[in-house]
Every structure is written in structure tokens, then in C-alpha cells.
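Next come two complexes, and both contain chain A; in the first it sits with chain B, in the second with chain C.
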Partner chain A sequence: MIYFDNGATTFPKPRSVVNAVERTMRYYGANPGRSGHKMSLKASEIMYDCRKNAAEFFNADSPENIVFAYNCTTALNFVIKGILKEGDHAVISSLEHNAVLRPLESMKENGVEYSIADYSPDDEETIDNFRNAIRPNTKLVICTHASNVFGVKLPVERIAALCRIHGVLFCVDAAQTAGVVPISLKDSCIDFLCTAGHKGLYGPMGTGILAINSEILPESLIQGGTGSFSSDRKQPSILPDRYESGTPNLPGIAGLNEGIKFVMKKTERNIEKYESDLALRLYQKLKKIPGVLLYTDSPKPHRSVPVISFNIDGLDSEETSTILDKRFNIAVRAGLHCAPLAHEFFGTQDSGTVRTVLSVFSTREQVDYFASSIMTINKFKKELKKVAIDI
Partner chain B sequence: MENNLIMFNSVTLAMRAREILGKNNVFSSLIRTPVNLRNRSCGYSLFVKSDFAKAIEILSKNRITYLGIASVDAQ
Partner chain C sequence: MIYFDNGATTFPKPRSVVNAVERTMRYYGANPGRSGHKMSLKASEIMYDCRKNAAEFFNADSPENIVFAYNCTTALNFVIKGILKEGDHAVISSLEHNAVLRPLESMKENGVEYSIADYSPDDEETIDNFRNAIRPNTKLVICTHASNVFGVKLPVERIAALCRIHGVLFCVDAAQTAGVVPISLKDSCIDFLCTAGHKGLYGPMGTGILAINSEILPESLIQGGTGSFSSDRKQPSILPDRYESGTPNLPGIAGLNEGIKFVMKKTERNIEKYESDLALRLYQKLKKIPGVLLYTDSPKPHRSVPVISFNIDGLDSEETSTILDKRFNIAVRAGLHCAPLAHEFFGTQDSGTVRTVLSVFSTREQVDYFASSIMTINKFKKELKKVAIDI
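== the complex of A and B ==
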């Protein structure tokens, strides 16, 4: 199968990731940070090594500033619900994922309000929209680094600087950019960086990271055993224990560690270049097919990540993806991609889009086969529509 | 008996301390804090066989906080 659904999770994973998960399950399956025996200490070392590599990767202050979460959504919830209190206001972009939108919507019941600042292809306009949305009681701005549907990047460094000027905390959702776009926390005004471990970092599912670059810390949402301060009934305030209660996903973190090392070895610049070249090739081929609807300009490394959304005129996005799967053995995602705001902005809320996201394992041959498959579907869409309906 | 143990609140901090000491050529071992020193907490410690004063100096210089120091029987 040709797998272009890397925006949901990357596949395949590097061999080193698979081996690390297996090795941990086989030989180091003790609970880290709890006991003093050799296997538990080895498990703790695996956790620490991943924390250290993640800190280096994101240029964070120290390994303690890396908090393991179960995915990007959990990390975002840690920040949103841990920072905002009754009477607070937040600002988000018009391209946010439900991982940001839904926690904020639920917090309306707790007296938290939020505003949406529109994305614009013109960065100046985007910055103005964020500036205008900030109120005296704005406590937190949350912004995706790049749209998970359309791939367009937001000027997060400039939004971060704007937030610093206004004394507002700034959180970035880097689910689609970590591992593809270099991020340096120490060189930025980003306070909180949330990301998945299983996408561009090539780790297993069930892994995510909250990287903290702020003296102001969110309240902990989950309290419990941390292996530290056990006689104290209160949750430890130190990092990372403050947010890491209960047994962690050690095999996942061992895999994530190898995934991060894999990306570090290849370098994000090279990955970005490779994937962007492929994305551009795909975009140009799709652009030549008369019935294909594209929603953004051609992908450019500094303006977007290798995510391309499209539709075939006369077919629902779900129909196109089903035909791709059944007839051409190609995996893509269709629909709203958990980001209704982004679809409202691009006018695709009714049709959804077919989303292709490439990875370092994608090839030119796959891109060419994909484009020729779309050409065939477009040509025979009336006949192929039945394929989508047949079970 | 001279001090040879540095106690920490978390395994993460203990491991970072061990790493920093290692980079400065001070060898240390990660162990569970001995029960008589644990104060009902379940912390981790670094056992530093030699260069203890240097170890403390390095940790202070790197702003690594620790719970306390003690001496334990190396056996």
C-alpha cells in the first residue's frame, strides 16, 4: 500500500524505532522512576535519554522541561486547562484543530472566553488580526504552527513576540511541524510547545510532548503517583513530575527516543527539503488535471509544510479516498480532519478535502503513481463512484 | 566518615546531575536513597566515591538542586 496519510500518523516507522519498542518490551519492561532494582533504573535511563534528546532537539532549557504526554491533544489540554481560569480570555487562529477548539469550548462553562484571529496569506494581516484580538484579560494565545489540513504555516515567531510584548503566554501546536521545521525554544518567545511523538518525530502512537519554556507553569490536571515526594499528599510542583502521574508509556517513549534520533541524524532541513520537493511535484501534477480542485498556492518550504488538500470535482472527498483505497491501494484521509475552523476559512466545510501528507519514506514513484491514479479517477468518476458505495 | 551521597527529589534530576558530573569526569552511581535517610519519601541519590567536594561544586555551578548530602557505608 502507498501510505500518504502521514498527517494522522507516520508509517512506516524507522527500523530503530520498532527495535527499541521490542527491546524495551523484552528486556527493560520495569516501571521507571519507582524502584531501585537494575531493570527499573534502566527503564528510568531510557526515559531520561529521550527527555535529553527531545530537549536538545527543541533547544529547551533542560531535560526536565520535557513532559511526556500521550499525544499532542493531551499536551494541549495540559496547557489550556492548566492556565486558563474563570474570567480569562484566549486567542486562537482560524486554522486550529479540535484539540484546541474543543477544550476552549468546554471551558466556556467555567467562564473562559476565546476569540478567533483569522489567518491570512499575508503575515502582516495575520499579526494584525492577533493584535486586535488580544484583550486586557487575554492570558493565553494558542496557535497551530501549520494547518493540519492545508499545510499553510503561521508566523509563530512573530506572534510569540507579539504575545511577549503584551505579557500574554503563547502556546504552539506543532503536531504537523515537529520533525519537519526546526524549532528552537531558547531562541524564541514560545512558552509552551505541544507536539505528537508519532508524526514527524516517527515515534509510536501514544506518545506526545509538552516542552516548557516558561517560568509560569500550568496547574496539573492529573494528580497521582510520581515516584517522588511520596509522603506528601500534594502533587509535586517540580518538572516533569508535576504533569507525569501514573505509569508512563515506556515502550512508546523508547521508540520516540529513536525517532527523534532518526530525525536529528537526517536533520529537519534535509527532511523539509526532501518532502517539500515531493509535495511540489505532486501539487504540479495535480494542478494539471482539469477536474482537481486545489485550495492553496504551490507548496513553498518557508510558507507551508508538505500537506496538500484537494478534491475531484463531482466527487465527495470520502468517495475519492475510498476509490483510492479500494482500486489503487493508496491510503489518504478524507473529510474535515478534526479541523472545522480551517474548512470554514477555506470554504470546504461541506465537501471536506482529500489530504495527502508525505514523509521521508515517500518516493517520487509513489507521487507519480498517485497523480496518475487521480487522473484515472477524474476521467472515470461516474463509473468509479459505484466503487465507493459497494461494500 | 566523609559525605559520599547526594540526595534528589526526582529520578530525572538525579540523572541529569549524574550526566553533568560525568561530563566533568566525576563518576557517580544512581541508587535508591537508603531507607534511613529517605524521610518516608522515595527518592534517588548519587553515590560519589571520590571527588565529593568537586561534585557539589559542579552541581552548584550548574544550578542543580538537591535535597541534601549524607555519608553511607560504601559496602
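== the complex of A and C ==
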């Protein structure tokens, strides 16, 4: 199967990642940070090593500033729910995922409001939109680093600086960019970075990261045993214990550690270059097919990540993806991609889109086969429509 | 290494569990419930199969009543934070873990109060204590099924019935009992059951379950993309999507599924019998050693789970566990076990305890070696004390 659904999760994973998960389950499967015996200490070491590598990777202050979470959504909830209180206001971009939108929507009941600053392909305009959306009671700005549907990037470093000037905390959702676009926390005004461990960082599903670059800390959303200060009924206030309650996903974190090391070895610059070149090739080939609708300009490094959304005129996005799966053995995602605002912005709220996302394991041959498959589908769409309906 | 730290997490895991994790990572590593291609459908099937087996295991209404969470702590937070509002009162037992205590403590700021009903070895007294603690504004009772430190069981079915009579919701923390003590939701008045996937269910760390047996549903604590109703800014209200936001721990859940199947095949009755016999053997051997302090009566099936806490007179619990690790290659946990109330109740808040927890992989030979090691430590404690200090 040709897997171009890397926006949902990357596949395959590097061999080192799979091996680390397996090794941890077979040999080091004790609970980290709870007991003092050698297997538990080994488990703690694995956790710490991943924290250290993640801190180095994002250029965070210290390993303790790396918090492990179930997924990026949970990390975002930690920030949003931990910072915003009754009477507060938040600003988000018009490309946000439901992982940002739904927590904020739920907080309306608690007297928290939010505004949407429109994305524009012109960075100046985007910055203006954010500036205009900030109010005296704005406490937090949350912005995706790049759209999970259309791949376009937002100038998060500039928005972060704008927020710092206005005394507003800034959180970036780097789910689609970590591992592809370099981020240096120490060199930016980003306060909180949330990301998935299982996408561009090539870790297993069930891993997310909240990297903290702020003195102001969100209140904890989930409290429980931390293996520290056990006699205290209050959640410890120190990092990372403040946010890490209960048993962590040790095998997942062991895998994530290898994923981060894999990306560090390849370097994000090289990954970005490789994937951008492939994405451009794909875009140009799709662009030449008359019935194909594309929604963005040609992908450019520094302006977008290798995510391309399209449709074939006369076919639903779901039909196209079903035909790709059944007849061409190609995996993509279709429909709405948990980001209704982004679809509204690009006018695809009714049609959805077929989304292709590349990874370091994608090849030119796969891209060419994909493009020729789309050409075939476009040519025989009437006949192939039945394939989709028959299922 | 002899691993008697199964209260923290069980080790080893059944081979089928490790294999399922590895297989999922290697062959079915797509995001479940997001895309429509065959690999994603296979991933969804794995999730559903685990839900189905867990529902059957706990005798829940339907697979949808099984919610996957990061760990038991998260599941407990989902219930506690999702049910209790300002002005509400909760009741907990005196044996609760910090996973219950700390969320409640944090909610004091939001005007939520809680009372503690004392555990008693006499069930009638325990029931009386719970009855007396219930107030007109009591909305939720949370009770551990068995103490994670001392192994003693609480009569949760009876407390559940009491709660139903008083119109109070009841949540059981089955972290230490699921997989050892049978629980049938349909036959009980338990509204919410929270448990870890990586203890008696033999799944990987990073898995927890919230099983719902109530028409009244907690509000969701974490919102985000669910792969369903994507155009809706509100979190879906249906189960399990209501509580499952973002990418789940698919490899972990695949492993958990095999763990549950492993327990179902062995049957909990047989597991309970096997572990109780071993625990009794261990208890009796320890009891004969003059310097050993035990805190509970002899373990009995239906009255306790195979968790034994003890100390050696003249040694800190940490010292004993360090000596066990360094000199005898035995893994146990020492200190306070994230359950300060339980330690207060048994008078071990200063000393902590050495905790041994058995699993189906524990053997009589291990128990005998363990007991003889304790005998040796007790005999040469002055000399061995140095071992602990030297580290």
C-alpha cells in the first residue's frame, strides 16, 4: 500500500522506533518514577532521555520543561483550560483544528470568549488580523504552525512577538510541523508548544508533547499520583510532575525518543527539503490534470508543509479516496479534517478535500504513481464512481 | 530479576500482548476512525474489538460504554471533574489513591467539598460510615475496590447500592482489582468503573478504561477532534467520542485487547485463586519472621487482593527495598504508595511500607526465595543497612 495519510499519523515508523517499543515491553517494563529497583530506574532513564532529546530538539530551557501527554489534543487542552478563566478572551487563527476550537467552545459556558483572526497568504495581513483581534482581556493566543488541511504556514514567530509586546501568552499547535520545520523555543516568544509525537517525530500513537517556555504555568487539568511528594494532597507544582499524573505511556515514550533521534540525525532542514521537493512534484503533476481542483498556491519551503488538499471535479472527496484505496491501493484521508474553520476559509466545507501528506519514507515513484492514478480516475470517473458506491 | 512490583504495573506481559503491540506498529499503524482506507479500517477494528472484549469482560451495556483513556488517573479525573460542580459534595473512602484525592483537593477552589468515610475490616461499619457521610448535596461517591497499599477490599457493590438508594452517583477505582476480582456492571449499581489497562489486565502502560453504566454522563474534560461530526464546533455528545479526543494509543489498545483476552481465557476466578494462595503463602512465611511488621490480617479470597505491605523492624522501607534490589535482585516498591490516607489509617505515614504485589507469572519458588531473602535481611540488618546507605 502507498501510504500518503501521514497527516493522520506517519507510517511506516523507523525500525529503531518499533524496536524500542518492543524492547521496552520485553525488558524494561517497570513503572518509571515509582519504585527504586533497577528496572524502574531504567524506565525512568528512558523517560529522561526522551525529555532531554525533546528539550534539545525544541531548544527548550531544560528537560523538565518537556511534558508528556496522551496526544497533542490533550497538551492543547492543558494550556487552554489551565490558562483561561472566566472573563478571559482568547484569539485563534482561522485555520485551527477542533483540538483548539472545541475546548474553547466548551469554555463559553464558563464565561471565556474567543475571536478568530483570519489567515492570509500575506503575512502582514495575518499579523494585522491578530493585532486587531487582541483585546484588553485577551490572555492567550493559540495558533497552528501550519494548516493540517492545506499545509499553509502561519508566521508564528512574528505572532509570538506581537503577543509578547501585548503581554499575552502565546501557544503554538505544531502537530503538523514538528519534525519538518525547525522551532527554537529559546529564540522565540512562544510560551507553549504543543505537538503530537506520532506524526513528524515518528513516535508511536499515544504520545504528545507540551514544551513550556514560560514562567507563567497553566493550572493542572488532571491531578493524581506522580510518585513525588506522595503525602501531599495537593498536586506538586514542579515541572513536569504538575501535568504528568498516573502511569505514563513508557513504551510509547521509548519509541518517541528514537523517533526524535531519527529526525535529529536526518535534520529537519534536510527533511523539509526532501518533502518539499516531493510535494512540489506532486502539486505540479496534479495541476496539469484538467479535472483536479487545487486550493493553494504551489508549495514552497518556509511557506508551507508537504500537505496537499485537492478534489476531482465530479467526485466527492470520499469517492476519490475510496477509489484510490480499492483500485489503486493508496491511502489518503478525505472529507473534513477536524478543522471546520479551515474548510470554511478555503470554501471546501461542503465538499471536503482529498488530503495527501508525505513523509521521509515517501518516494518520487510513489508520487508519480499517485499522480497517474489520479489521472486515470479523472478520465474514467463515471465508471469508477460505481466502485465507490458499491461499497 | 524477581518482579514483585506488579501493583505499579504487571511484568512480564503475556507474549500475545507484546506481539500485538509490535504487529500493530509494523503493519496496521494508521490512525483509527479518521480515514476510510483499509489500514485505517483495520486500526478501527482493533479498537472496536478491544472495546467489545472490555464490555464483555465488565459486563457493560455495549462496546460504546467503554472509553479508552491515558491511564486510570485520567479516567478518574474524567468522572470527578465531569460530574462535580460548585456546591457539590463528594464522599471517598479512607484508602483512596492520590488519583482521587488530588483532583478533589484541587476542586476545593471551585467550591466542591468532600468527606472521607473510614474503611473498617467490618463491612457493616464501612457501610455505616459511608451512609453517615452522605449529605443532601452529595453527588458522587468514589471508592477504591481494594487498597493499592494493603490489599484490603471494600464492599463496593453494597456501597453502590447504598448510593443508588440515596440518588448519588457511584464510581469505583478498580486499578488494583480488574483482572483479579470479577466485576459485573449490569448486575451492580456501579455507575462508573475506572481502571488501568497495564496492571491486572496485562496491557501496556499508557492505557486506561472508563466503563460507563449510567444514563447521567460526566461532561467532557478534554475536547478535540474525534473524526466524527467534524463540522461541529461542539464536542460530540455520543459515547465514546464524548471523551476520546485526538489520536488514541492504538498500539497500546491492541496490546490491552490481548491482555483482556488472556485474562478471560484464564478466568478471573482462577487468577484470584492462584494469586491468593501465593499471597497467603508469602504472608504466612513473613509472619514467622520475628522482625517483620505486617499491617493486615492474613489475606483471604473475597476479602483482599494479593498485595502485602510490610516492614522490617529497624530498617526503613526504602532501605529494605534497596537491599532486596541490590543484593537479592528482587523488585518491590517502598515508601508511600501515592495513597497518604491509607498510610495514615494503618499508621505507616512516616515509615512507608515495602509492598509486594503478585501476578499470574509469580511462582511458589519466587515467594519462597523472597521470604528467605527477608529472613536473611532481618538477620543481618545492621551489616546490610550499609548497602542501602552506600548507594
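Here, the second predicted complex is superposed on the first by the 391 of 391 C-alpha atoms of A that agree within 3 Å, B and C clash if a C-alpha of one lies under 4 Å from a C-alpha of the other, contacts with A are read in each partner's own complex, and residues count from 1 in each chain.
Simple rule for what comes next: contacts are C-beta pairs under 8 Å (C-beta built on N, C-alpha and C of every residue); 3 or more make two chains touch, one makes a residue touch a chain.
For clarity, every value in this text was computed on a predicted model and none was experimentally measured.
> Based on the superposed arrangement, let me know which partner A:G36 touches: chain B (first), chain C (second), both, or neither?
Both partners, chain B and chain C.
> Kindly classify A:I238 by the partners it touches after superposition: chain B alone (first), chain C alone (second), both, or neither?
So A:I238 only meets chain B here.
> Could you tell me if A:F380 is touching chain B, chain C, both of them or neither one (first, second, both, neither)?
neither
> Of chain B and chain C, which one contacts the greater number of residues in chain A?
Between chain B and chain C, the winner on chain A residue contacts is C.
> With both complexes superposed on chain A, which partner does A:Y70 reach: first (chain B), second (chain C), both or neither?
A:Y70: touches chain C, not chain B.
> Based on the superposed arrangement, let me know which partner A:Q223 touches: chain B (first), chain C (second), both, or neither?
So A:Q223 only meets chain C here.
> Go through chain A and flag every residue that touches chain B in one model and chain C in the other.
34-36, 226-227, 230-232
> Provide the residue numbers of chain B that touch chain A in the complex, in ascending order.
Residues in contact with chain A: 9-13, 15-16, 19, 30-32, 39-44.
> Within their complex, state which residues of chain A touch chain B.
Counting only chain A, the residues touching chain B are 32-36, 41, 44-45, 47-48, 51-52, 62-64, 226-232, 236, 238, 240-241.
> Mind listing the chain C positions that touch chain A in their complex?
Counting only chain C, the residues touching chain A are 1, 3, 5, 8-9, 11-13, 17-18, 21-22, 25-26, 29-31, 34-40, 69-74, 76-77, 97-99, 101-103, 105-106, 196, 198, 204-208, 219-227, 230-235, 245-252, 255, 318, 321-322, 324-325, 330-340, 343, 349.
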